[in-house]
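Single-structure report; data block below.
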């Protein structure tokens, strides 16, 4: 039985889950239907040029193909701190995105129902309460904060010439009345060898966690990934060239948790959107099954706009490793504040 | 050019990488050819019965099929603290495993060479130095500490009836002169709904990081994983039964980062062993390619003994979530110390 | 020589310093002369009634006696997230305070000068750059964020009946042309025995760090404090009453890092304000001494309005211990969201 | 009523308290009457010469004047990992100290009694159980681990020429039948300006927490400390010399949480030993007062041997700041491993 009737501190204590990173960190806040969502980037070095055009462009990429959703928020990002004269100050960079056109009444009928495939039931089991307005924290809207934070990370990475590129692969075309998922491939070029850590805090382990934290992510692989499981060792191991590059890149540019100087490549699988324009059987608190016909319009495939989220999470992860790394920290960056 | 000639603090500063977990934590230490390896489990509640037979059995499982290796260490685990009268005290549980028969001379010829597929080159790039004796920290031997720590986690999980099972799938038979990898499937039964966190610290994200931190891991997927990327939403979304279970389990028992009460299932892909009984072309510091014929004998497939490592990392991850969870912490456990 | 000419990532990398707490945490952001200051409280349980009157009252207390400062900011706190229908949601509570009437030109002459007693020189040495507008982060204004975050912590503590009281002691009257400091005594009543941790994370150690992080704090003592250093053991050790209280409270309510059920008492010493209405000899980058007559008006004693900051930091520290404690987490709190 | 009869996970969950530091970290383990105590130093850079003579000398300093205790343990420290050819490897440095001559029977009569001034009652309230053998973790013996870890930190600090010195002040002579406390003053010379952080993670705040975590510590002050509370601002603020030193050092070498290049000075007050050679009134679980005459012999003043603990905690704190600091990390240290 779901815990909808009682509410004790025990049941509702949130654990640290809204911050990602060790030294370069993003803290995310905001409900999808509250006053605003936003974030705080802490640990960004001083002197990094702040590129507001990049920020806008990245936010726009999150709206690609989302014309199916009736909710159109311009997602204007207001920077509150940490920037002076278009340069980072080394202090926390806080930003907010006001929520507009929020219509929580749309969700009233869902208030006592748990939809299939959604986090409605699990959130209720976890916290004993939930925000009846949309998905609360468990909403796709929350990824806007990741994209804004990732844009700051990209500004830092750009100082060393690192580029992050994503390609959509294996993305079936959605039907008119059904949804689809897909796979996004990401490549980081020009990352030097020596980035990452051994044992638990491996570069590939951290990338895996970052990708699997994106809504709808359901699989992750480095380089040749699952195909490598059926290779022979003589086929898999990447042989040396005399310039310390390798002839193949089955390992995806990471060995022992540390980059080897080859392109870092990985693929993330996303399951299809679980809200589809078909009758949907929900369950209520008493276990009764109730069939609803969904109102409103939702994307039938979120992959095109998830690509920028993949890049943002990659940039945040890399920035956290790079601010720790001697390979990068010995080089001057940016423009001194004067 | 590799950084073998100079050594500054900048280049060698290690970052937190030897500890995993937030509240229930394992810190690992020890070189594969030093005096001992070992670990400290901190955050285990008091009153948990300590099962030394389980510990021994788990350590033995790590030796299954490893008869190909000439190095036979009994891996006796000595408990130094945290246990009294076979019950946990709530204080740190430290343990050590002495290294025996360490013969670092076997590795002398590899001292100035970087093997293909190994972490030799990346570790040197990361730290500027490396332990010439075996792989140092980047050795399969380090997983013995994970298994011992995981055994403690299992003792805690057993208090609530959670069981962790692994199945080896898709494991090609290795040839006499080549190696193979494979996929290990893991299932956690009887985990209640409500375990995990939303946003960044998702149960699936933490499992992904734990699995990808295991040596040779190269892919991870929950439930239907990569296959889900080509499903339609109507096929993927797991429909409700009236007892809050679902008819299918494509999501692998986790929705929005939180368990839904169904079995938690995931698969980890491992690439083949990169040390094979064939001539091996290494590279030296100057970029010269040198072909060696490997001495000694190594496992041609580590999958059979990796299963217990997968279970250990799963147990450590779950224990960390469970000590935070109201679902479990409201139930009495174990035997009070008297 | 100060590092004013160059600026590299090495020199400017900020380390985690803007977040306090382990589970109940406050992240602070904002420059004193930027768009806004603010904070994010993460880890507050769901279901806690949000008392906006308490928040306003606490913010007002920070202005007591500050009429000497020409800068009057109403310090309106806007809540952006984490609250619905006046109850906490268990999600991050973000808030901002807009800066008004900021006149950075007042500080232009100080731009290349380091004032005595201020953090001008040390911040420049630490980061290689500094915000020329006011003290940047090293400003008394930053304590407004502490007070707002502390008000949220107080709302939680109130659920269990804990009260925090401060008394100003030993506070010399400032002269017309000079400043003074003082000592603030704080008492936490009704805290049960068993709150705190042994070893490093002691309740008294964490209180000490919290108090010493307040601007101008220069000393901290529990209970009888420095006077205890000259007592005999027979005088110091607090003898038992048969109801588990003690006859005296020299230890200040904490033994072995854990509360013993007696009132928790501690005193924090603050040095006098270093900005005084007298000619001030600054130093410039070249080591030249330059005497300025300060313009503007500053408080000559900040103690009256520091009391609420002491209480806020105490509340934040206690909240972090209490959300971990079985003594409190087993009791229901607040009003379930419905 | 003390929680001696029941034991649930809720009551006994330990929180992270056995690890100190962010990047340079010491994890401590071991009961005073178990098999061994020990620690793991993680985050020490590679290439630091390991001085075993310093380690032995520091351990010996902890025994100065402790001839009054009947328990004589040589405290031999065995290094298990992280060192090769007397140089640090950059991997975790684990060490153990075997317990000898442990006679837990001495403590049997204290098993159901709570002594005044000790942590017996508070630990029982915190965890619901306690190790009946000696103080368990809440024992002075645990400081041996701090001293060993601090010795490693000193080896690192020595690379940059930092020295830590302590002076005992205000230490009354103990009577034959009573005990005394005292004050220990500590000075860190040659620390450059720019070490520390603003806001919460101030150098003075972290030093305060480190000192207050030492058993019997009850007060802490920087520079002029509590005396500064009654000074005028014109007297307190340290005026510049033209070489960026200051004429006085009332602030104790730290401004805004960051070192200013002057000697860092602070004083820690310790209350007298609470075990005295006089009849002692304990309380049992039922609230009955029971008078015992203590057997065994204990130090009547622990100050002489606490000095090395003060230095160790100072060294650990500084090492954690210094591995983050550009001032130090740009300089080469030690001897490259080859």
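Per-chain numbering from 1; labels A, B, C and D assigned in written order.
Rule of thumb we're sticking to: a contact is a pair of C-beta atoms (placed from the backbone, for glycine too) under 8 Å apart; a residue touches a chain by one contact, two chains touch by 3 or more.
Keep in mind that this is a model prediction, so the values were computed, not measured.
Q: Write down the chain pair in A-B, B-D or A-C that repeats the interface of C-D; the criterion is over half of the contact pairs matching by residue number.
A: The chain pair with the recurring interface is A-B.
Q: Look at all chain centres (mean of CA atoms) and spot the one farthest from the centre of subunit B.
A: C
Q: Would you kindly tell me how far, in whole Å, the mean C-alpha position of subunit B lies from that of subunit A?
A: Centre-to-centre distance between subunit A and subunit B: 25 Å.
Q: Distance-wise, how many Å sit between the C-alpha centres of subunit B and subunit C, to the nearest whole number?
A: Each chain's C-alpha centroid was found; their separation is 42 Å.
Q: Distance-wise, how many Å sit between the C-alpha centres of subunit A and subunit C, to the nearest whole number?
A: Taking the average C-alpha coordinate of subunit A and of subunit C, the gap between them is 34 Å.
Q: Using the touch rule from the top of the page, what residues of subunit C touch 2 or more other chains?
A: Answer for subunit C, listing residues that touch two or more other chains: 8, 10, 12-16, 18-19, 28, 128, 137, 329-330.
Q: What residues of subunit C sit close enough to touch subunit D in their complex?
A: Touch residues, subunit C against subunit D: 2-3, 8, 10-20, 22, 28, 114, 116-119, 121-123, 125-126, 128, 137-138, 142, 170-172, 174-175, 178-183, 192-202, 204-213, 215, 217-226, 228-240, 242-244, 246, 250-252, 254-261, 269-276, 278, 281-283, 287-289, 300, 324, 326-327, 329-330.
Q: Mind pulling up the subunit A residues that touch subunit C in the complex?
A: Its residues touching subunit C are 5-10, 12-16, 18-19, 23, 25, 27-31, 34-38, 40, 42-47, 78-82, 84, 89-94, 96, 127-131, 133, 136-137, 159, 323, 328-337.
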